[in-house]
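Got some structures for you, see below.
What follows is chain A paired twice: with chain B in the first complex and chain C in the second.
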Partner chain A sequence: MKDRILDTDMSIEAHNLTKKFGDFIAVDSISLQVPRGEIFGFLGANGAGKTTAMRMLTGLLRPTSGSAFVAGYNIATDSEQVKRNIGYMSQKFSLYQDLKVWENIEYYGGLYGMSLRQIKEVTDLMMHKLDMDQERNTLVSQLPLGWKQKLSFSIAIMHRPRIVFLDEPTGGVDPITRRQFWNMIYETAREGITIFVTTHYMDEAEYCGRVAIMVDGRIEALGKTSELKTQFGASSMDEVFYMLARGAKRNE
Partner chain B sequence: MTMANNTRFNQLKAFVIKEIHHILRDRKTLLVLFGIPVVQIVLFGFALSNEVKNNRLLICDQAHDVHSAMLITRLDASKYFDVVGYVSNPDEGTDRLRSGSAHMVVVIPSGFSADLRHSHETSVQLLTDGTNPNLAATIQLYVQSIVNDFRNQIFGKPDIPYEIEVSPRMLYNPQLKGSYTFVPGVMAMVLMIICTLMTSVSIVREKELGNMEMLLVSPMNAMTAIFSKAIPYLLLSLMLVTVILILSVTMLDVPIRGSILLLYLVSLVFIITSLSFGLAISTATNSQQVAMLISLMGLMLPTLMFGGFMFPIENMPIPLQVLSNVVPAKWFYYSINDIMIKGLGFGAVYHRVLLLAAYAAVFLAISYRNFKIRLS
Partner chain C sequence: MTTFLLILKKEFRQIFRDPAILRLIFLMPVMQLILLPFAADYEVKNIKVGIIDLDHSDYARQLISKLEHSSYFRLAAYSSDHHEGLEWLESEKADLFIEIPPRFEASLIRENKASLQLFVNAVNGTKGNLGSAYTMGIIQQFNQEIRKDWFEFPKFNPEPFITVIGTSLYNPYMDYQRFMVPGILAVLLTMTGGFLSALNIVKEKELGTIEQLNVTPISKIQFILGKLVPFWLLGFVILTLGLLVSYVVHGIQPGTNIGNIYIFAALYLLAIVGFGLLLSNFTSTQQQAMMVAFFFMLIFILLSGLYTTIESMPPWARKIAYLNPLTYLVDAMRMVLLKGATLRDLWPHIRVISAIGFVLNFLAIYTYRKRS
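Right after this comes the complex of A and B.
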């Protein structure tokens, strides 16, 4: 099986990845490479095609053309292996509100094929780290939003994936919680897990190692935030984004 | 290979346990689920009965002789009738009928005894309230049979040389108990609610909340996931079948004349059919409301209308009779009836069971196709 891995240091490699829905080209021939342990920001206005691109990389959608390797596996032919090696946290809260904290953890651990013993070990560690030891038996619906988010993220990486995809993970939370959340992301990246994160917030873009900005299904800019700012002669990422997004034809 | 099997088992187990947590947490729904069959059985078994007891009789006795007195005593002794009063002429009786204080007036003509003795022939007039034709016809029959008995008692069996005697015998349900038809009907209804409605709604809820996405990016095979979603509902359904059967046997004295094993087998096939219909609905829509609506309109209503246990299909216009064949519940209902009440074996129901299985296959194929389309 190992022979499928092209380059172990590359977590994500996409070449001319394209998705068409009928005549509509949602993602237009994008190429990118994300090395292991990087925090890669994926920016774009609503409808720019980020979600579609991410859905292809996570195996939810088949590309119309082009190819991509995630964790060294071809997304078109080896999606099973891709799924085993990635974690995912969606913009909607994917924890079950009517289940207790431990029940959610047990479920997601089980989905990734973990045994109950493994799950228990990870749960103990996780609860301790999140300072949630008292909350194991709490219904998720009763947790504050910030806690839910941290729990969601911890669950997304509980099976130690090589890459974790975060789809607008910080929507609707206050700046302090966002800051704490990014600290968790940093820590995870330091452990060698690659982070692929989409966001609207341009200040969050500054936290990323490199960013790609999508406009109308294409990647219009890709690089370190400092480089992009120089390249576009802008003082902030907000400005860079505005300059690029102004030319967008699609909205929503 | 064992690694892979372990993984698969862990996935399946996690999913089923999670689903059971969902079901157990939702106490209200659970209460409703187990409440529905109990209430329906009690209602149908005791409250709603098509037997008519304690009908109020008015007697217009114009004879006042030995035989009229004997007949009146007989009528009054019957558990179906209470003699509530006497009137002197039929007109007075019809007034009482109109006001609803009596169900029937029995008019015994003057000279009743004398006519019986001399000409061996007399008549009794029955006045009934035709606004409720079923009731009127039923009590008319009751009185007729009491009068016949009375005649036979006095004269012995009529000695007519060439007589064709009609001797009716209601097979399988001699007392014409309504509960015999209601029990299989309640089973069909309840199974449909759980399997189709609850399954489709609970899958669609996962989509609405974004949990389906988490499932799809996980290594768990999505089709497997959806099937394991059905497992707890299947168990729940079998439990409910058991509850309904126990209630019917102990409370309503409904017999199980055929094989219990066969009964469960047929139920299982019907459950699978309903579950696959639920699956098909859930793959076709993204909103819980729509799923609920389709389940109700697409299955519950036709089940009630054309299932055969509420309205006799034989009395429907031909187009509706043809239409009723499309309703899976009809085939389940007939099979359960045949097994429980008639005590028939597999040979009598296998064609219906096959039909139900064919339905399941079609619904599953539709679900699978919808699912594939969503992915590409």
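Right after this comes the complex of A and C.
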């Protein structure tokens, strides 16, 4: 297979992507395509393999078999190029608690090779947008969780990646902040950045363009939420999810 | 370049914001270097000596008082009962005892010779050895003195005497502190350089921030150097503090070749920080890292010639000692601080430590994985 797809309007393309840990098949031959600018929801119960799949797509984990292209680059052979073009917000909160807000921004900007001037501009803009001008010099450990998550997200996209991966970004966040968070996601998508987001809040699924539902390492359903509801004869995504997840053997 | 500078800035900010690490870096070495050399001393003093006197003669008393007046001994027990001696050793009332047999004085005068018996508790080998050596020395002296008293020497001594006059070079008073201070400083440098660097990376693993780092395009080299350089620089701070303490508290003047210590330490720190980084690649929690580091630290210290000479180790241990980076630092520190060694003198050590440093850092970079 050629290393780079040139006609790329596809931000993510996966073909039979599989990850085994010994005998355990964490991700079982999944295939999906995400076009540029889409908000793609990746749903599934705990242990369904969402995070593993995402870790393969971000180049943190080597797939056992199958292939995937992210931003047009092969994740197996070109993971450093992939990394230049993506942002990632992990499940674990990943800003440095013992650094101030602006110091975290500066550090991550540095890692993506931004110049000091660029970093300063982005910081000013970000602080203004997040309404955090007063908190520039606050240690991250002292921010409320909702603010931390919004800051995390802003830092994940500060280098203008083509795709941003969000791993359960709204876990433990209050409903109002969640709403604000999703507004930020929409705005980002409008700017042409593809969003790949995992969640297990079904109401959030409704915000996504298309969703994939993972059960026991496999994608059991993929499509627009309205289509899925018709397909399964359900009135809500909750119901769809319940029908699919009921058959799951893995449980945490 | 901006990337690298920003990485360094971040590391230093974190270090200087953590009071525990600051104490570890600045307070711990100073305190240890002030106190430990006074305690870690080979000189055995206050040896408890017991006397079984079965003779009660004038000579016996002279010998006893001679022992009593030595600064090494403390007269702990005295008896005329032969059986009590072993009980003293058993109950640790005495570390050694001397039995003066009946008719000691008489046979010394009449037959021109007499024997004494010395019993030593050798559970603590060093104390036992030194105790018996000191005792022998004193008895020898006593022997000389009574010969002068009692026997008229012939005009020409029938037995030729060979007198040995010893001169101690480099450490004229054979002061153990002078010997230990450079060694302890070397250990401190190893602890902070090796431990802190390992813990730092493993902490990022625990917090999950390393994952965030691994999805960025920074190169392995940048990552490793970013972790290496801060601890390398801190090593110099500790070294400088340590040298100041040795001068102010222990009176050790580094002399004009002090620069050589820094040159050697630069290479050594590179090696030991590389060791810490390597360690962090194979551990995933700070607890694991601590345990493994502690395991190696013991080997480093015991097989470095800090306390015992490498030449007297069994061959297998000697092989380990020659691979041990601390061996070279301890020796180089002593060479420079006590003998004023030049770079030419240090050259063999410099070659070995550079090689060790190269291998460790190569392995650290090679085994660091941005993805699993």
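Definition applied: the second predicted complex is superposed on the first by the 246 of 252 C-alpha atoms of A that agree within 3 Å, B and C clash if a C-alpha of one lies under 4 Å from a C-alpha of the other, contacts with A are read in each partner's own complex, and residues count from 1 in each chain.
Following the convention adopted for this analysis, a residue touches a chain if its C-beta (ideal position, glycine included) is under 8 Å from a C-beta of that chain, and two chains touch if they have at least 3 such contacts.
Everything numeric in this text was worked out from a predicted model, so none of it was measured.
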Chain A as common anchor, with chain B and chain C clashing or fitting:
clash
Which superposed partner A:109 touches (first chain B, second chain C, both, neither)
both
Per the contact definition in the header, classify A:148: touching chain B only (first), chain C only (second), both, or neither.
neither
Can A:80 be said to touch chain B (first), chain C (second), both, or neither?
both
Looking at A:98 after the superposition, I want to know if it touches chain B, chain C, both of them or none. Which is it: first, second, both, neither?
both
Using the touch definition from the top, say if A:88 reaches chain B (first), chain C (second), both or neither.
both
Just to be sure I read the superposition right, which of the two partners does A:210 touch: chain B = first, chain C = second, or both, or neither?
neither
In the superposed arrangement, does A:60 touch chain B (first), chain C (second), both or neither?
both
Intersection of chain A residues contacting chain B with those contacting chain C?
58-62, 80, 83-84, 86, 88, 90, 92-94, 96-99, 103, 106-116
Within the complex, which stretch of chain A touches chain C?
58-62, 79-80, 83-84, 86, 88, 90, 92-99, 103, 106-116
Chain C residues within the chain A interface of the complex:
2-3, 5-7, 9-10, 13-14, 17-18, 207-209, 211-218, 370-372
Interface residues, chain B side, partner chain A - complex
6-8, 10-11, 13-15, 17-18, 21-22, 25-26, 209-211, 213-220, 375-376
Taking the touch rule as given, give the residues of chain A at its contact with chain B in the complex, in rising order.
58-62, 80, 83-84, 86, 88, 90-94, 96-100, 103, 106-116, 165
